[in-house]
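Below, chain A partners chain B and then partners chain C, in two separate complexes.
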Partner chain A sequence: MISKEEVKNIAEIAKLKFGEDELEAFTEKFSLVLDFVHNINKVDTEGIEPCYGISEENGFFKELEEEQTLDREEVLKNTTESEYGYFKILKVVE
Partner chain B sequence: MMSYKTLVGLEIHVELMTERKMFCNCKNEFGAMPNTNVCPVCLGLPGALPVMDKEAVEYAIMAGLAFNCEIEKTIIMDRKSYFYPDLTKGYQISQSDFPLCKGGFLEIDLDEGPKKIRLERIHIEEDTGKQIHTENGTTLLDFNRSGVPLIEIVTKPDINSSEEARLFLEKLKNTIKYLGVSDVKMEEGSLRCDVNINVIDEERNIRTNISEIKNLNSFKSVVKAIEYEQKRHIEALENGSNTDKETRRFNELTGETILMRKKFQASDYRYQFEADLTPIEIKEEWINEIRTAMPELPDQKKRRFMKDYKLNEYDASILTQSKELSFFYEELTDLVNDAKLAANWVMTDVLRRLKEEDKELSQLNLTPKALAELLDYVKSGKVNNNTAKKVLREMLETGESAKNIIDKQGLIQINDEEELSRVIDEVIKDNQQSVEDFKNGKDRALGYLMGQIMKKTKGKANPNTANKMLIDKINKN
Partner chain C sequence: MDITNLKAWEIREKILNKEISSYEVTEQFLEKIDEVEDEINAFITIDADRALDEAKKVDEKIAQGIEIGILAGLPVAVKDNIMTKNLRTTCASKMLEKYIPPYNATVVEKIKKEDGIIIGKTNMDEFAMGGSTETSYFGITRNPRNKSIVPGGSSGGSAAAIAANEAALSLGTDTGGSIRQPASYCGVVGIKPTYGLVSRFGVVPMSNSLDQVGVFGKDVKDAYLALKSIAGFDPHDATSSKRAKLEELNFDEVSLKGLKIALPKEYDELRVKGDEKIRVVFENSIRVFERNGAKIEYVSLPYLKYALETYYLISTAEVSTNLSRFDGIRYGHRAFEYKTLDELYINSRTEGFGEETKRRIMMGTYALSQGYKDEHYKKALKIRTLIKNDYDRIFKDYDVILSITSPILPFPFDSVINSPVDMYKADTYTVPVNLAGLCAISVPMGEVDSLPVGLQITANRFNEKTLFTAAYGYERSANDEL
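Up next is the complex of A and B:
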């Protein structure tokens, strides 16, 4: 069973906010999910090489073809606020 | 007496000067208008896929070879997940378990001899966007830097003082400059450094918890931050308490560090394999090709200077301390064909000038060719040393050539003994008292008489000849 403290910590990392009253229920549900996922640990992986991708082929480097750089108007199209060509957001300092 | 040992490890980020960004074909350039080198990959738009840049890997391998690392055989990238506005994907493409370069070291020169600072690793990763915090409660975001290739160099805690840290950083910066893979400018952010520090009380075998110091914008700040932290950690030990494992920020104005935020655990970053990039095998031949094409490094150049130019170790290390200076010296030596003369002038007059004006060599109004012209006059005895120093000063101020200044002011040295003889006779006649003083053993009087000769010849008399002739004449008198 995951602890409430762990759930709080994960919520903080994931930038999620919920109240103390929701914490109890959330912790229980979280534990159920983890228990389910833990089933994967039952698989015997003794002597199996780790897998770093599904492709058998060797990876490749980029071709120096034409850049896909966008016009700045296009870049800023979906933002609600911009200033001097920058995206503008409320100040974030951690 | 308690004995404390300070342990410092550095994490250094270096932006690589590749032509394109690490995972897309946008230009990698500093100082462009905001958000003009940006594409769906840099913005982390849905569906955009990264593809690895070959030059970035090549530069990172070069750095690895220069720092004596072992190069990994396969490139495997990971996602480092965290939420921050300058990272739109929600994860940074970095390396966790398989850094491109492992181990290695860099040697620094201490008074007591060379010291090896071991490296933990060098890994490759992408840079994030740039944030500008404004006065009125907003943050402005520019994603030109997003996706610029970086190497992160992590040392083992082998550094034991602020001075060792400074020497290490200078050597590292210089080596990377020689490689030409980055311009390593701390003020432009292409070199960034974080400090990890703690202190051990060796008698009681107690160690403080590690502080990580961020926001260090110059080598001076690194030195000051280490000194401040060293004191803070020792105070904690003396009070029988301990420091907290935390991240602190250096305040340049006060010279103090302040608590920044709770230290993230490595597990908080939920590293996972970056499945958008298939692992790439690195062939041995490619590494060998890179090794062969690598430019000469500072230590190699220093040894070559000692051998080819018969310089002593001290002179050779000063002259190879920066790439620009070493090239300047070498070109000058080739032109003047006198390694010792060139070394003397570069190490005294040129370096002093740089120090006085707090400038880089490239900002100085002087080419090796221009200085060589002046040194030819010195070598052939046409201009004496003191006059030449004055000419150099004027060259730097006006940008005029040595020949112009010497011709215009008629500074060619007087070697003609007849002419010198006439001047010396005059000086002896006008300064009988000094002549007597000198005969009575007052050596200073000779200096005065020489000064009079120089005054009459406007500094052009060949000092050695004039000096000899003066003594001869007084003794015959």
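Up next is the complex of A and C:
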């Protein structure tokens, strides 16, 4: 089981907010899912390496391309507020 | 004549023989969309004018005798988590309701290069999380085979667009079954290729180590044609493989004789309540392989039993880190009300994401949080190694593994979605394939209670040729026996 307080704490880390009713319902569904995943704890994984990805190939370096950045105006079209060619947000330092 | 009910490869031949123009084909598909879309809702955005313009250009190329790409003017529908330059790409989320990508995904560039026509963007579960397309911000998609039933998901719109003759071919993405399960539910063919065969550049990531772009078609040859157009190494995607290539396959020479088939006996332990009728259809399809000279044996993959839990821990961990990019600043929904920067993040994310997306972000945040990381996430990664080892051992001696695609029938709206664990269990047969990076295809194998059910064929990494051989051999034999 997971408590409402724990769920609240995780929400803070995830930068999400839930109303009291939502939190209640969420804690319930969340507990069901957690009970289900706890099943893996019975598997013996002593000495087994974790698998972060499937590829056995080494990474590679990209060729340096000129003009590889996106057009500033195009990119700024998707923000809510921009000014002087920058993203505009509220003042964060005094 | 209604061209939209033909297979893509048949339409392609007609365009190349100049029996019909790409413009006429595109027009017919757009008319079909007009006719059925109110009910089906397979698309979030339809790009009619541009599609007709592009079709005209392809026709000019054909008229001038200029060499034409393998998609030769065929209308293609693209899942809405794949970026299309200057064409809205929403991931079926309020978060990206107005997002216009400044560049194309590599797969979109490839479709254009092969002279495919992008006809529109298809509906899906929000950020590809779900198995019914019910979590979309843009409304549900109805299954063309039965309108009171879900089309599956998350690529439900792409599967429905094929089943309803709204596109010749379509693209989807598959992280844990999101192509194969909707293919099964809509009675079409869907393939999830080997991890690294198709570029993920420009595809909005859900779980990077599991996501793969794949295709839908009316039959196996259609799926082959579509996959051929998008496969290949891409220097823009660091996880793209240098081995990425779809080998040539002569369909006329395909035979099932001598094909070595493995049936994991663990599937008996993983049974879901109510799957009896689906299993009867499955037994019949095994007999089709047998009658055509394939050799079938039972094998053991002991760690398959833990695949679902492993999948949910790894995928949600990756989801939570991936979706942290949505901060309300650079793109995506920004809340109207906030007093601090932190409130800007929190309010934008809380308003922009739907319930299932939030649940998975929360789950992943929990799995990665201090104190639980080793117990959950690391543990899951180790079991992933054990699952991969199981498959590697089996594929030393066998060509393909057979299973059903989904242990539950396509279900009515607002039913399974209310029980997240049941919804997850529907992925029993599909998620292990993603964990091990293998390739798998879902091919229609019959009906249960007048609803389509799919056969899943799985092959080893980069063994798509074997996969298509088995799938086409089965499809042809099953049709002959009807």
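To be clear about the criterion, the second predicted complex is superposed on the first by the 86 of 94 C-alpha atoms of A that agree within 3 Å, B and C clash if a C-alpha of one lies under 4 Å from a C-alpha of the other, contacts with A are read in each partner's own complex, and residues count from 1 in each chain.
Criterion: contacts are C-beta pairs under 8 Å (C-beta built on N, C-alpha and C of every residue); 3 or more make two chains touch, one makes a residue touch a chain.
All values reported here derive from a predicted model rather than from experimental measurement.
Peer 1: Of chain B and chain C, which one touches more residues of chain A?
Peer 2: C
Peer 1: In the superposed arrangement, which partner chain does A:53 touch: chain B (first), chain C (second), both, or neither?
Peer 2: both
Peer 1: Would you check which partner chain A:13 touches, where first means chain B only, second means chain C only, and both and neither mean what they say?
Peer 2: After superposition on chain A, A:13 lies in contact with both partners, chain B and chain C.
Peer 1: Name the contact category of A:87: first (chain B only), second (chain C only), both, or neither.
Peer 2: The answer is both, since A:87 touches chain B and chain C.
Peer 1: Looking at A:39 after the superposition, I want to know if it touches chain B, chain C, both of them or none. Which is it: first, second, both, neither?
Peer 2: After superposition on chain A, A:39 lies in contact with chain C alone.
Peer 1: If you stack the two complexes on chain A, which partner ends up touching A:26: first (chain B), second (chain C), both, or neither?
Peer 2: second
Peer 1: Please indicate which partner A:69 is in contact with in the superposed arrangement: first for chain B, second for chain C, both, or neither.
Peer 2: first
Peer 1: On chain A, what residues does chain B touch that chain C touches as well?
Peer 2: Chain A residues touching both partners: 13-15, 52-55, 57, 59-60, 62, 70, 75, 87, 89-90, 92.
Peer 1: In the complex formed with chain C, which residues of chain A make contact?
Peer 2: Result: residues 2, 7, 10-11, 13-18, 26, 29-30, 32-34, 36-41, 43, 45, 48-55, 57, 59-60, 62-63, 70-71, 74-75, 77-81, 87, 89-90, 92 of chain A touch chain C.
Peer 1: Spell out the residues on chain C that touch chain A in their complex, using ranges where they run on.
Peer 2: Per the stated touch rule, the residues are 98-100, 102-103, 195-196, 209, 235-236, 238-239, 241-243, 303, 306, 308-310, 312-313, 320, 324, 328-332, 334, 338, 340-342, 344-347, 349-350, 353, 358-359, 361-363, 365-366, 369, 375-376, 378-386, 388, 420-421, 424, 436-437, 461.
Peer 1: Show me the residue ranges of chain A that touch chain B in the complex, using the header's touch definition.
Peer 2: Interface residues on chain A, with respect to chain B: 9, 13-15, 52-55, 57-62, 64-70, 72, 75-76, 83-94.
Peer 1: In the complex formed with chain A, which residues of chain B make contact?
Peer 2: 19-20, 23-27, 33-41, 43, 51-54, 57, 75-76, 82-85, 131-134, 137-143, 260-261, 268, 270, 273, 275, 277-281
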